[in-house]
Structures are given as structure tokens and as C-alpha cells.
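What follows is a set of notes on a single structure, which appears directly below.
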Amino acid sequence: MIYFNCDYTEGAHPEIMRRLNDTNFEQTVGYGEDEYCESARRRILALCGNERAQVHFLVGGTQANFTVISAALRAHQGVIAAVSGHIAVHETGAVEATGHKVITLPSADGKITAAQVRACYDAHWNDATHEHMAQPAMVYISNPTENGTLYGKAELSAISAVCRECGLKLFVDGARMGYGLASPKNDLTLADYAALCDVFYIGGTKVGALFGEAVVICDAELQRDFRYHIKQRGGMLAKGRLLGLQFDTLFTDHLYFEISRHAVDLALRLRAAFEKKGWPLLYDSWTNQQFPILPDEVYERLKERFVLSFWEKTDEKHTAVRVCTSWATTEENVKRLIEAIE
Amino acid sequence: MIYFNCDYTEGAHPEIMRRLNDTNFEQTVGYGEDEYCESARRRILALCGNERAQVHFLVGGTQANFTVISAALRAHQGVIAAVSGHIAVHETGAVEATGHKVITLPSADGKITAAQVRACYDAHWNDATHEHMAQPAMVYISNPTENGTLYGKAELSAISAVCRECGLKLFVDGARMGYGLASPKNDLTLADYAALCDVFYIGGTKVGALFGEAVVICDAELQRDFRYHIKQRGGMLAKGRLLGLQFDTLFTDHLYFEISRHAVDLALRLRAAFEKKGWPLLYDSWTNQQFPILPDEVYERLKERFVLSFWEKTDEKHTAVRVCTSWATTEENVKRLIEAIE
Amino acid sequence: MIYFNCDYTEGAHPEIMRRLNDTNFEQTVGYGEDEYCESARRRILALCGNERAQVHFLVGGTQANFTVISAALRAHQGVIAAVSGHIAVHETGAVEATGHKVITLPSADGKITAAQVRACYDAHWNDATHEHMAQPAMVYISNPTENGTLYGKAELSAISAVCRECGLKLFVDGARMGYGLASPKNDLTLADYAALCDVFYIGGTKVGALFGEAVVICDAELQRDFRYHIKQRGGMLAKGRLLGLQFDTLFTDHLYFEISRHAVDLALRLRAAFEKKGWPLLYDSWTNQQFPILPDEVYERLKERFVLSFWEKTDEKHTAVRVCTSWATTEENVKRLIEAIE
Amino acid sequence: MIYFNCDYTEGAHPEIMRRLNDTNFEQTVGYGEDEYCESARRRILALCGNERAQVHFLVGGTQANFTVISAALRAHQGVIAAVSGHIAVHETGAVEATGHKVITLPSADGKITAAQVRACYDAHWNDATHEHMAQPAMVYISNPTENGTLYGKAELSAISAVCRECGLKLFVDGARMGYGLASPKNDLTLADYAALCDVFYIGGTKVGALFGEAVVICDAELQRDFRYHIKQRGGMLAKGRLLGLQFDTLFTDHLYFEISRHAVDLALRLRAAFEKKGWPLLYDSWTNQQFPILPDEVYERLKERFVLSFWEKTDEKHTAVRVCTSWATTEENVKRLIEAIE
């Protein structure tokens, strides 16, 4: 079987494995204060163009999400997210488990708009009973979204502007950030993220690392005492070298960007193949996740050799599936899938 | 100004005040273990026809809601509610503050159906990633709902049956239960609630008491250690006599039912007056809350003498408002409002 | 049986009952925004000599404690308290249930010192692993303490000074504040509390009210959005008049101070009677709670007519008990107990 | 500098690194459901002699602790631990952040006794106000403790017996379990742990793995839905292979036991060297952590070439330090330290 169902089926980029092996017996201090973490931080901050930002390395996305959100909010505050946002759907209520409401906005494709955020904020404060409702205090978006769609610079800037007007913190979940940055439709840089967001993270788990997310905190208030929150929420890895070294490697010689582009290029070849067959796409994705709507008999046949991710039945005879590429996907496997499609 | 905006503008029924005065200097043990609480419990359990149920007296509705829900759920579980349910909207995220997700179902009129509950449950368990989602473990409904609508016996029985099939606890918020029981459309008794629900409460704050909700727990598992939860969540009133005596009074000589009927009768007179004018009703309520859609110029005029509760703009020239009666509403004030309407 | 076991066995001062009756059918707005609350606030702020402070009325002490603490702390922060403090022992882990550690300091008599607070703070920050420990951010003391002992002005000033140096919020639980203010050993005023604390509360439940605690917030940061926290934690009473009117009455014509003095005077007569018999006092209390160590045969005899509160066995033949007076204790009952003692 | 300050300064055992490299490009399903996890589970369960137990792999110790505890307790329950227990001191209030009180028992050397547990339980239930206190429901111990001391089979059996009598769950934190099992003073096996505990974990982070703890759940109630808790608390590693493969390797050909014995042997050589010099040991440790009390001038000299862990000043001229060995410690480095000592 060939797996296209998600973007975390393999291990890490060989260069990362090589360096992990090479440094295996070095003695380093723990908890993310070693020199590899420090080097990785410097590389990331340089790309962000913000020397005053902080970089913290966490193990996974759910952990990064609830640690950031619970560190940022007071007890009566909630976080705004798309109804399809990862924190709203697929984290077993992890944000609520830290005490905070996820305030959901409708979304057809995973994205929300600056106007929606503004309207949500205004609705809260214009309501005479606002003290009886969780107070919106942060906006969470994923870029790319869980549906493969992408916020462009104009969109992110508009959301950022609303957030600043309203005193909302802006948090971008970048679990697949590499695949967004590498999209032909992208016009954002890491420096843009750092300029527009209060906090965001650069995903490693899905983009070349064994695991790990690099959380970049621009907001001074949120920076304060953040390491306490990492420890309290179970995210402080004893052997911090593992995280530092991985991100140091990913941000040496543009590796992160190159392997991301590889994945997106292959995904777009698949997209072209689906379109050529006339199979519609559930979401207009130009990133590493594609959501073709397949005739059921096609889906059945493909399942014999390929693992795809069931998404939803779109009608009695069609099924939308998720097809993912990643930094590890081979041209050969993509060719096989395209042949099977054709 | 005459207040019709809510059902808690006055104090308590005079008979309650009389007994509070009469017993003011009696020495009683604290924390709900006095004889007045015990007497009130016996009266309620007799009406419920369930001697094995427990009755606990809490101070208010939000407190009752999160205390019951957090006592019933394990950390990974959530509670299903209508998107308009009180716990989902108007409790400042109190349920989330105890760590639990409120899983919302769409609702046009405040009610949800057994089929919706079943579908939500099935969707969870049929999803391959169900461990990544909060597990539904309880169903919360209000009867009457926040919109004045009412579940009948067939509807509540159907929801109860689904809950039992699925292992979901059923919790009914009865903040306005008296006004439901007194509705001409009602076919439920307290014994029905006790037979169909795992836990429910009989509201006092809005129905004749100064404050207080009587939580009836039928489910043995939830009964265990419930008083710890009351204490932990701030609901254990030192002078428990205050709660016991109020419910003892309300459930002596059918007082609770009589004063509820009074409120509903007056509300239905208002309903008739709105209908006579041809003003549509936003929800089809046969309880103490009415939701007429008023022409804006009417609304402006009424506001000069009456306090109504703004609900929403239904179009550019019309506004839906909430008009409440209660046990304390006088015929005279209702007449004045009807005259003003006419 | 005559109850001396606690200070909340009766109802409310007759003047409060009178006014509750007189205003029973007035229509007021809900949730503490009525004119009685406003009047009570003005009276309290005048006594505090701080027009910029906020006053909020909550129903009970545990509720007040966790609402204040969870509103004040970020997720990684804890509150320092005496090991015998009410929040550390007798609130079913209510503070922990909001996510925060109670950091306990040893105490023989219920009090802690400025030096202990300073040492605790220094120990945290001097520890290389401080990010691995809950960060102390607030100090909680009770005055009088749970043991009847009292902080004087010099002691409270010293604690306050340390708190300000260290950036710790100072919170005083004044569930029995009246009985502290009325003690012959007291040298504090409400204005002193307002000057020295970030937040404190004036207890009503144990001092003349049916229920209720008046939380005075001096710290501007903690004032922000506090009503959201009250609502979220279940403390926002629908009929706010009940709380406002009680405190308005207590702070009219010095009633609060007079009824407190009554209780303390009677307690000190009991103290004198214990001392006359040569029975030692477990704590040196000059407030309404006395802790005599009784020979067991005396304790057995007293139990036939009086309810006292078992405290602890001090040796095989002696038992320390708590004997409480309150605003409602009668001279006659005290005489009977003294006669029984003699 | 040579590091003896902790037991997690290096990476992983070379055999683990080899297999991670070998399998790097295998495609596996995520979240711990791959074949490597399955194989590791089978090996561990075989050693435990309990086929009905569950094994879950988590990333780190703090995460394992609060995930287990919050999964096991209802909201009003607390966990009993030594005052020096890791959850009580060094996890930034992580357990409290999930809502639960850590109920601490005094301990001079990191251990608590069955009698202490029984007394704590009895004190709770014999107290008339027990509903006002967090209910003890679980016992947490570390073996070896944070002080290097060890519970033997008789001690663990006694604690287990008390727990079963009282309905308390028994949880053993085995972050350093390998070093306990390898101690000359040990008489416990994994099968003993499985027979005596409700849940325990076998530490990998400190014993040969890059990271990871294998949680073994024997109690059926706690087994239910445990994966939801792992996900909610941020512990569900996307690439589960990383954990499964590490534990599979550690439990192949007795590797875990051999590398643990290596560390303990070296630690005991250091112990002998300290004793030879006449320097007292703060705790009587026969595991990989040693706590010599050094003359300050010795400590200063050693610090020039070795990193030790400051523990506490024992008097004006002496300092207790922690000296750790691990699976990765070399004989050569130990020899250098011994030479320096001599």
C-alpha cells in the first residue's frame, strides 16, 4: 500500500537524521536551553526580521495550540476560530480543557474573514448582556487551513488590522506553514507573519522533522513567563537538543522551503490529474492537500493500492477524499497514483 | 416604568417572606442538612414518585448547570446542547471553564430532537478519528427553552430513549419549569421528568423564590459525592434553611403550580393581544415568555412606559422583543400593556 | 440544644428582614446593577476612603475566594496561603479546580508573616528550576484567621510592603472581618484594608446578613472585567437587590460594627470564663471564635445542652473545641453556657 | 566540562538510533497504532505478565503524570503524594492546572508509607466536614523517588493493600524505573508492578530513549477512553513509530535492564568514593542518583571540571549536591570524577 492519507507517515529528512546521529553523545543542558536551540532561534528570528521575538520549540500541534491559547487568555476569555478549525474539531476539546471557549465562525472552506471577526467582536460588545458571554480575546486561524486553502497577504493584513483595533491577539497555526509558503498562490513571508501576528508557529512535524513546532511570539505580554506554560502543559522536552537541531537543520540552506516546494509541486500534479478527469475539487487548494470528489467506483479501485483519507460523501455516488503529499513523497509514488487515476 | 423584560424583577412570594421572617432566629445546622431542606426534599420526591432520587438546593441556574455537568463528565467528555442553549450562549463559558466542550446542535426555536442527538452520537463514533474529538456524554436541554417553546412528553421520551441507548446522561434545565408545567400545551409531570431524565432542576429564582434551584438527581452514579461538587463550585449555601424553606413553601398546597399558572395566563393574554394586532410571533411560545415582532414605531412608543427586552432586528422596520410575565406580574400591569398595544 | 458551633446558625438582622419585606415587590434590574447595590457600594467606598475601588457582592465565601483568585492569576501562577487557610483546607479544592496551586506556608496559629512571604518568593526566583514550579503571584490571608487570631496594622502593612516589592497581589478573606474590626486588639480600619490590599472582602454571611460577601477591589488590573468572572463562576445573583440591600443596611448607622462588637463582647466573656477555670486556649483569640481545651468529662457534659465544634484531641484526656458567638447570640445563652462552665 | 547533573544529557542508545535510521522512510499509520508500537506493547505486557493491561506511549513524564491523574479523577478528587513528589514540586502546578489538588504527606527521603496513606484516608472520612475537602482518590509515588530512594516489594505491597481497601488508585511514576530495577536493593519485577498498581510507567527519557514513557494501565476503569485523554492533553505523537520503536528496542534482549545496571554500577562506585572520603550522603540511595554532602571548597574545585546539581546548603560550610549517572555515562568520566574526589 502507498500512503497519501496524511503528511506524517514517514520519519525525518535525512539531513536531520544525520545530525541527530552525529550529536547523539554530546552532552547538552536540557529543556531547550542548549546551543542547537539557540542557533535555530537565531536562524528563525533572522527570517522573521524581528530580533525581539521569542522562539520556543514544542513537540506537537495540539500542544502548541492549547499552550499558546491558555497562556494568552484570562479565565473569562475565549478564542475565535473557524467552525472547521483544528482547535474547534480535532483536539478532543483540548482548549476547553484549559478552561476556554472556542467561539466558532461559519466557514465554507476553512477560512474566516476580517469582516467576520469584526462582526463577532461588535456583536459581543454591543450586546447588553456581554458580561454573560465569553469575551473574545484571540483569533486563531490556520494557514494553510485544514482544507488546504490559503490566506494571502491582503487577507491576513486585514484580519491583523481588525485584531489590533479590537485588542484581539492574532494566532496563526502553521502546522503546514511550509506548504503554504511554497504554494504558487502564496505572497506571504515569515517576516510578514512576524509583522502581522502576535504569535504563530512554523510546523515541523509535517514538514521534514520527526516532530516539533517552532512557536514565534511577537507580543511582549505573551512572551512573559511562556516557559512556565510550556512546562505546565507538558511540552518541555527534557532533551531540547532534539528540537533545536531539527529546526536548525530545516532553516539551514533553505531546506524547509525546498522540501515544502517539492511536496506542493507533486500535489499540484495530482490536482491537474484530477481536473483532467473532470473530477471536481471540494476546496480550491494550491497546497499539499487535495480534496477531489471521486466517483465511488474509482474510489473503491484506488483503495486497493493507495491509502487516501475519507472526507465526506458528497452524494450517493461520490466521495470526497483527502490526498496529501509531503516532503517525503516520492515522484514515483505520485506517478503511480496518476497512472491509476488515468 | 413597568418591567416586562424578565422574570426576576421582584422578590419572593409573600408566603415565603412570611416564613423566612418567622424562622429567622431559629438555630439550624448549615449547608442544607436542616429540617426545612429535608421537608422540601420529601415533598419534591413525592411529586417525582421516586424515593431514591436525591434533591440538592443550589442558589442559581448557571451554578446548577456547571456543577451538574462537571460532576457528570470525565475530562474528555462534552455536553450536547442547542446552539441557543443557555450554557452555550449566556454563561460566560462557565461549562468550558470547568474543562468541558459544549457540543452545539442547530436549532431554530430552542429545541433539539432525538434524531439530532442520535446523529451527533453516531457521527462521533463512526468517525475514524473520534479519539480526536470531545466525546459526547450528556445531553442538556431547557424546558421551557430560552425561546419559550416546550418539549412535550413524546419528544422528551424520544430524547430519553436515545440517551439511554447511547449511554448519554440526560439533563433538563428547568429554570422556568413551573411555566412549562403550567402551559396549556404541557403534558409532562414532575414524575415524568424523574422517569425520563438522569438529572433535572426545578427553578425557584424565576418562579416565586428569592433565589434557588432544586436539582433532582435520579442517576445513581451522579448522586455519588454530589455534595462535594456543590461545595467545590461555590454552591453550598451556609444557611441552607433559606433554600429548604423556600422550596418547602413552594411545594406546599400546590403553590408552585398556582403561581406558575398565573404567569402563563397573563402571558397568553398578551399573546392574544399581539396576534389580534397581526404582529407575528418569533417563536410559538405558550409559556411565560412571548416574542412579538413589533413595528419599530410601536416599540419606540411602548418603551416610554414599559421595559421590554430587545431580542433582534428582524428587518429594517421591525424588532422582535421578549415580553415576560412571572408569578409577580399583576393583572393591572398586563391590562396597561394590552391597552398600550391596542 | 443551644448552638455555639459556628457563626451562621440564624438568619439575618431584623432590620435587614424588615427592608427585604418592604422592598419585596419593587421591580429592580438584575445582576447587581440596581440602586440598592449602588447605595451599598457608595457607603462601603466612603468607609474605605477610595472612590476608585470597585465593590462587587457575591453570595458566599468559597465563591468569593475562587472567583477573585482565578480572575487575578494567569494559568501558571499560584496563590500563597497559610497551611491552615480556608482555601487550602476547607473548600474541596475549589481553587485548584480553577487550575491554580495553593502554595502553603507553615503556621501555628493561622497567621503567616511578611518574612515568610518574602522567603517563599525569594526561594522561587532563586531556584534555577523556577520555571518548573508554580509561580507565586498572590498572597491570601484571612483576618481574623480561621483560628480567631488577628493581624494588626503593623503586620498587615509589612505583608503589604513585601507584596508590592515582589509584585504579588494581596487578598484578604474577611469572612469574619466585622469580628476582627470589633476586637479590642484591632487597630485596622476599612480604609487601612483599602490602602494595603489589592482586594479584600467584608463578610456578611457570618455578620448579620442572610448571605453575601462584599468584595472590594482596589487593584485596577483586577477590576477589569471582574463581572465576567462573577458570572462565569456562578456568583451573579439574578436578584441583586438582595445583596445590595443587605449591605446597604449593614453599613447604615454603623450597624455592621455594632453587631460585631456584640458578638466579640460575648466571646470575650466566654474566654474569661474558660481562663477562670484554668482551661488553656489553643489559640490566643480576641475575636468571636474561642478555642478552649476542655477536660473530656467537661466536654461530654457540655454536649448534652450545647453544640460546640470539635476541633482536635490535644491529649488523651483533653479536647480542643471551637465556641463561636455571632451577631445573633443572646446574652441569655452565653450566661447559660458560662453557668454550665462554672 | 563533564555533566553529572542529570540523567538526560545525551541522546539515545545507539541501537535505537540505528533502528530509527533504518525505518526512517517506512510509511506507518499515525498516533501509536503502528506495528512498532504493537510489538513494543506485546513485549512489555509479556514482562508484566498481564495480557489485559494496556500500554500507551507518551512523550514525557510531566505529560504522563497529569494525563493519568486527570483521566482517573472526578472533579472533586485529589491525589496523595509525598511533599517532595515530582507532581507536588516540579511540574509548575500541572496537576492543579487540570483541576485537581495534590494532597501532600510529609517525607524525609521521598518515600511515604502505607500507614501514612491509611491515616490520610481515615482523617478525610472521619472528618465531619469531609465534603468541604478534596477527596483523596489516588496515590502517586515515584520509584525510585526523586531522592534516589527505593520502595521494596513489602512496602509497595503494603501501600497497594491499603489502596485497595480504601478504593484509592495506585499510580507509580517510573521515570527512573530502570535504575530502580537494577539496584542491588531491588526486589521488584515489572510483573510485581503490574500486580500491585492500577497504573505505572516505565521511563524511557532517562533510560536509553530519546524521549518517551510507557504507561501501563491495569485498572479497567482507567483503561476506558484513555486515548482521548492522551490526545486532549497534547501527548498523542503523530509519528507514533518513534515511541514504539524505541520501547521495542529497549525491551529486546534485555537492553533496558542492561543499560540500567551499567548506570547503577557506576553510581555505586561514586557512592563508595564519597563514603571513602567520609562525606555523608543526604539520602541513602542505591540507584543512579547520589546525594553527597560536600565541603564547600571541594564543591568549588569539582565545579571547575564537572557539572553537578546543587541540591541544598546543609550548613555554612557544606553543600549537598546531586550526582547522576545514566545509561550513557562512560567509565572514563566516572574515573575522572573519582580521581578528582580523591
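Chains here go by letter, A, B, C and D, matching the order in which they are written, and residues are numbered from 1 within each.
Criterion: contacts are C-beta pairs under 8 Å (C-beta built on N, C-alpha and C of every residue); 3 or more make two chains touch, one makes a residue touch a chain.
Not measured: the values here are computed from a predicted model.
Chemist: What's the fewest number of moves from chain A to chain C, given that each move must go to a chain touching the current one?
Modeler: Minimum number of steps from chain A to chain C: 1.
Chemist: Could you tell me which chain lies farthest from chain A when each chain's centre is the average position of its Cα atoms?
Modeler: Taking each chain's C-alpha mean as its centre, the farthest from chain A is C.
Chemist: State the pair with the higher C-beta contact count; candidates are A-B and B-C.
Modeler: Between B-C and A-B, contacts are more numerous in B-C.
Chemist: If you average the CA atoms of chain B and of chain D, how many Å lie between those two points?
Modeler: 49
Chemist: Averaging over Cα atoms per chain, report the distance between chain B and chain C in Å.
Modeler: The mean C-alpha positions of chain B and chain C differ by 33 Å.
Chemist: Provide the C-alpha centroid distance between chain A and chain B, rounded to the nearest whole angstrom.
Modeler: About 42 Å, centre to centre.
Chemist: Identify all positions of chain D at which a residue touches two or more other chains, and write them in rising order.
Modeler: 75-76, 91-93, 97-99, 131-132, 134-135, 228-229, 231-232, 236
Chemist: Flag every residue of chain B that touches chain A in the complex, lowest number first.
Modeler: On the chain B side, the touching residues are 75-76, 78, 89-93, 96-102, 128-129, 131-135, 310.
Chemist: Note which residues of chain D are touching chain A in the complex, please.
Modeler: Checking each residue of chain D against chain A gives 1-3, 6, 8-12, 14, 17, 20-21, 23-30, 59-60, 62-63, 66-67, 91-94, 97-98, 205-206, 210-211, 228-229, 231-239, 241-242, 328.
Chemist: Where on chain B does chain D make contact in their complex?
Modeler: Within the complex, chain B contacts chain D at residues 31, 70-71, 74-76, 98-99, 131-132, 134-135, 225, 227-229, 231-232, 236.
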